[in-house]
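The two complexes that follow have chain A in common; it is paired with chain B in the first and with chain C in the second.
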Partner chain A sequence: MKSREQEYKEIFVAEALEYYDALSRHISELEKTPEDEQILAEIFRLLHNLKANAKAIGYLVIADVSHKLETAFGMIRNKELSFSDEVVTVLFDGIDMLGELISNVDGAKEIEPSPALLRNLDIIINTQTDNNTELNKVQKYYTSKNLSLSDLIYIQIKKLDHLLNLVGELIIDRDRIVSISKELDNDDLKNVSAHLYRITEELQYSVMDARLVNVGSLFNKFPRIVRDIAVAEKKEINLEISGQDIQIDRNILQIITDSLLHLMRNAISHGIEKADVRKKNKKTPQGNIELSAQNDRDTVILRLKDDGKGIDQQEVRKAIVQKGFLNADAVSDLRDTEVLSFLFEPGFSLAKEVTEVSGRGVGLDVVKNAIDSIGGRIKVDSKKGVGTTFTLYLPTSIAVKGALLCQVEENFYAIPLMHTDSVLSLPTEKLHEVGNLLVTDIKGETITVVHMRELFNNDLDTYNGTKTALEGDVQNIIIVTYNNRKLGLIVDKLLRQQDIVIKSLSRPVNTIDIYAGVTLLGSGKVCLVLDVAAITRYFIARR
Partner chain B sequence: MEITEKKRILIVDDSFYMRTMLKNMLLDAGYDVVGEAPDGKTALQMAKEKIPDLVTLDVILPDNTGLDVLKGIKQDNPDIKVVIVSAVGQEVIMNEASEYGALNYIIKPFSEDKVLEALNQAFKED
Partner chain C sequence: MEPQNAREKRDAAVEARVHLIVFRLGEEEYGVRIDQVKEVTITPEITRMPKTPSFIKGVSNIRGDIIAIMDLEERFNITSAARDSRHTYTLVMEAKDYTMGFIVKEVPQSLSLPLSSLDKAPSFVQDFNISENFIEGIGKYENRLIIVLDIFKILTSDEIMELKS
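On to the complex of A and B.
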């Protein structure tokens, strides 16, 4: 409920400011051509709307001032009041007052309209000409006022992108300076660098904050879209939206817009059944779709849930074999969650019928790629006959990511926290060789484990996991997840969690890339960021 | 359970704020909002194209007066119901509007109850 009120308020203010600008323009024109009926009618209309809107939302002072001005202009239209210099001044003052009231509806302190001005307005609309002396008083008060510009500015997202990049560079240098100052052990330098640290941190969060928009700015487009799709599909949909107030980086929201639209189309055309089928299955004739957003620390979780026919696991298992992804034996070993992950594979589509709105050959793999590109995750849960839920885990901001740092030989590596599941120490004897890979059993699940030192020292294709290469009785393993599949990474040393700024990597072509980018640590050391998605994909395929 | 056909509404109002409020109210109440027109010209065109069951019509519009729009809509299609949305102080217009076939009116600022009641009444005549 609150979010709708907030939305109304924003619309009111934006529209009222437009009205105010138009009013200021028109009254200046009117001063030159006082007889212009069209301008008068336009001013009258604007004031009329402003009054009605202000009354509806409950800004009674604005409604009152607009009403008085509307009355005055109505009288001018009917030639009951002449557009004399004195009257013009009062009207100008009144419109300026409106502008100020509108700009301040969100302000901390409430603005009171000048009582002298209100009295002047009353005087002109009561056409009592005996009080001219009083009219002059306000004139001075208002003409001495400064020009005021709106407190809100529009800014190109490009400029904010640039700003954020600069902040990223700054943070890298800052960490370097903080690290040097520790080494030099100079108190002055330490103080300055501590201060620098705080300021840049605040700067980083301010810039990130400036880029945040409400998820509602995207969600609120959906009722209309859903209606249109539902009409085309001849289905009735009841859409519930929640969490519009949740904030997220504008570019992230932009990147997932098409994905969310795609999922919504799928839900309506493939998920929700026709009304007669639903009735047969004891469901409401209208399909129910929930679109929600929530925050979980640094992650924004978007959820799209429908109560349609759900995904048939058996059909997916069949399709995995038919399309040649896995053989029948391997498929029967898959868990349900793993089965559903195949929906995101390129070339995997269950849609049999092509309809006007969906089935355009864009598969869920495109959705998945979009979400991967911003370091997010997507998950699907589905139960046949009950419905399907897609869950998107998105970072709040693109620039800075939480990461787990680890060390292999002399080098440092970072793994985005979005993909880390857990960290464990495993006795070496629990690892087994299967084919050319190491595997282990964790809570009843067989997981491929990659010996990172061997991987870094070989090409992907020549990598073999062997027990003989492992040193020590215990191995440090980071369990990462991608598309519902787990992979273990053996590293030499686990370091710490840290926010990192990822820079892209200029890379040689023709190699499968296992790095998502690079970052600089405070020590000045280069730290490669692992591309968990690519590594997991590669090893799952190889298994 | 029978699915009743949703009544299709066209909203005519020059204020985006008013349209948004009205639209939300109508959608919540289970109406289908088939279009929103910010001026008389668009209103007439949309009424022709979308053939709504009912039009909520603001009387002060940037190009035509609401009454001209009302006449135009009724001329093209007398079956389209029209409910006038007007502010306090404009009640006089209602007399004229009802002559041209407007069924009911809503006074701005409106409450949800009033709006739905006015529409219910308009549809009752079916």
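On to the complex of A and C.
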């Protein structure tokens, strides 16, 4: 695989060649209609971008020539230089030279720009100071133009979406074929299906790879945004960004864009204190915000950390009671992490005043829903006076997810690994009936446990967890996590871990909350994917 | 050679026929227009889907598409006639933006009858278990009475669309 740097260079060259083509076209037009300001502005813009891109990637010669040309066109625009025949020739030569330099970037032979031409450019730029200098004849070795098409193509994300869906379908069929070939025990078939397996796997990763973009493409928009919010809030913010080159599926990045923006606004307007308050608390007058990305196997972790005033646990506890989520007794029993998870409940806001940029009723629940929708996770840590950190755990790709398969009665169910915490076998005697629910103590934590078989066979409202309904001395329990809370699911049988392709359910059964979708197993069996978020939400509300 | 007007008459009659897929629910014969049916297949394995009304039997994998399967007898509260066939059949019906399967107990048959023998549903069927809205008309054919259902009305009925756990 090519290095990241090589990839950047290729993208630069492809873009630069496009710029060059556009420049050639525009300057020809300009020669006919020298008064056309629009064309002039467009040329100016192209040269400016080319200069900036070349500088960023380290092609200083290209940057230099672009700069000189940009200056010349700037002068033409300001009517300091006339678009005379002599000047036109020099400019044409200059643009051709740019093209030559771009197409030979990293080529076998290094191309030096013609010194005569550079001098000519300097002369026309400095036309006012020295009007008498003769323009040199430039030896035209740039005329041998070879036509070539770009190595890069633009493609609509829709087309890649379609491709990815097809790959998903293909994988389902492949697993089925692999499974049939095992049953039939035919050597030829086994060989072919093993080969099919490898090819589809490679195809899947290639398509997934084609959809990856740098997190930086989103992160790099933040310095400007942060500056604007900070100005509006009259605060000084020092933003540190890291991990821009971590890669993630383009659609996932798109979906979390608004969420990240929302968290950033919150951090600046509610998190970071005013400078005088910070000084009193022995903090630097400017607030520090870190935005970082890192990889952890199949997960991309985005972190937004501020050193502001933090979230006041007591205030949150008070608000939980005030807004009627829980009574005062229940609140005092909550652990700190559980308290913070209420921030993601719909209608839960601590903002006391509406400011220009935040606190307009769009709460953290919207952020959470966006992250749920792509099968991600969000976590908040905060310490009063020290700061708040939001951590987003996102899948690298949408298509394929690791899942835990289990069985309840005759059905198979899949639970995305993103939401599973652990799996354990628990003696039935360790489960207790509290209210109408089963609970148990795991490592000092009281966890609600749901008997899936009973849940499936009763209405949600009439579900009761009773010990008498449990069979056997030992229960298989999958601990799932959602929004800093844990829930145990009692299943009949634990099967295995497997990569699955989730298909969405179609109408009319797509409205049933507890299913996130459906997948086909290698055996051809339909397997329902459980929506851990919906199940957990229900039981948390009920408690 | 027939007189021209007679032939025209017959051609018109040929054009005005309706093609139905006819199946039995309970003791009666029902039909749906053939162009609403995507395929008829032996009912595949159905994965039960907890938290759905009992007339939704579950979901099935039909040629890679996963579709919901509904039991029309249960849906319309029709008492199932005793039968001991080994298979049931599934009519795969296509609505505008999704597909759904309907279970029938006996092999469905195709039948073509003149449009003129199809009466608009009379008002008394309001007393019937099936809401009148779903009935497009009553077809009569050689002493048989066929209740023609408008499947799109069943597919888009609010009751199904608003399935909630």
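The definition used in the following text is that the second predicted complex is superposed on the first by the 395 of 543 C-alpha atoms of A that agree within 3 Å, B and C clash if a C-alpha of one lies under 4 Å from a C-alpha of the other, contacts with A are read in each partner's own complex, and residues count from 1 in each chain.
Please note the rule applied: contacts are C-beta pairs under 8 Å (C-beta built on N, C-alpha and C of every residue); 3 or more make two chains touch, one makes a residue touch a chain.
A quick note: this is a predicted structure, and the numbers were derived from the prediction, not measured.
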For A:E42, select first, second, both or neither according to whether it touches chain B, chain C, the two together, or no partner.
-> first
Taking the superposition as given, does A:A275 touch the first partner, chain B, the second, chain C, both, or neither?
-> first
Once the structures are superposed on A, label A:L520 by its partner contacts, choosing first (chain B), second (chain C), both or neither.
-> second
Applying the touch criterion given at the start, work out whether A:P223 contacts chain B, chain C, both or neither, answering first, second, both or neither.
-> first
For A:L528, select first, second, both or neither according to whether it touches chain B, chain C, the two together, or no partner.
-> second
Chain B versus chain C as contact partner of A:L460, first or second or both or neither = second
Check whether A:F12 is in contact with chain B, with chain C, with both or with neither, and answer first, second, both or neither.
-> first
Does chain B (first) or chain C (second) touch A:E236, or do both, or does neither?
-> first
For chain B, which residues count as touching chain A in their complex?
-> 1, 3, 14-18, 20-21, 24, 27, 32, 60-62, 87, 108-110
Within the complex, chain A is touched by chain C residues 45, 47-52, 56, 59-61, 64, 66-68, 95, 97-100, 155, 160-165
Enumerate the contact residues on chain A facing chain B in the complex.
-> 4, 7-8, 11-12, 15, 42, 44-45, 48-49, 51-53, 55-57, 223, 227, 236, 275, 279, 284-286
Within their complex, chain A touches chain C through residues 169, 172-173, 409-411, 455-457, 460, 503, 505-509, 511-515, 518, 520, 524-528
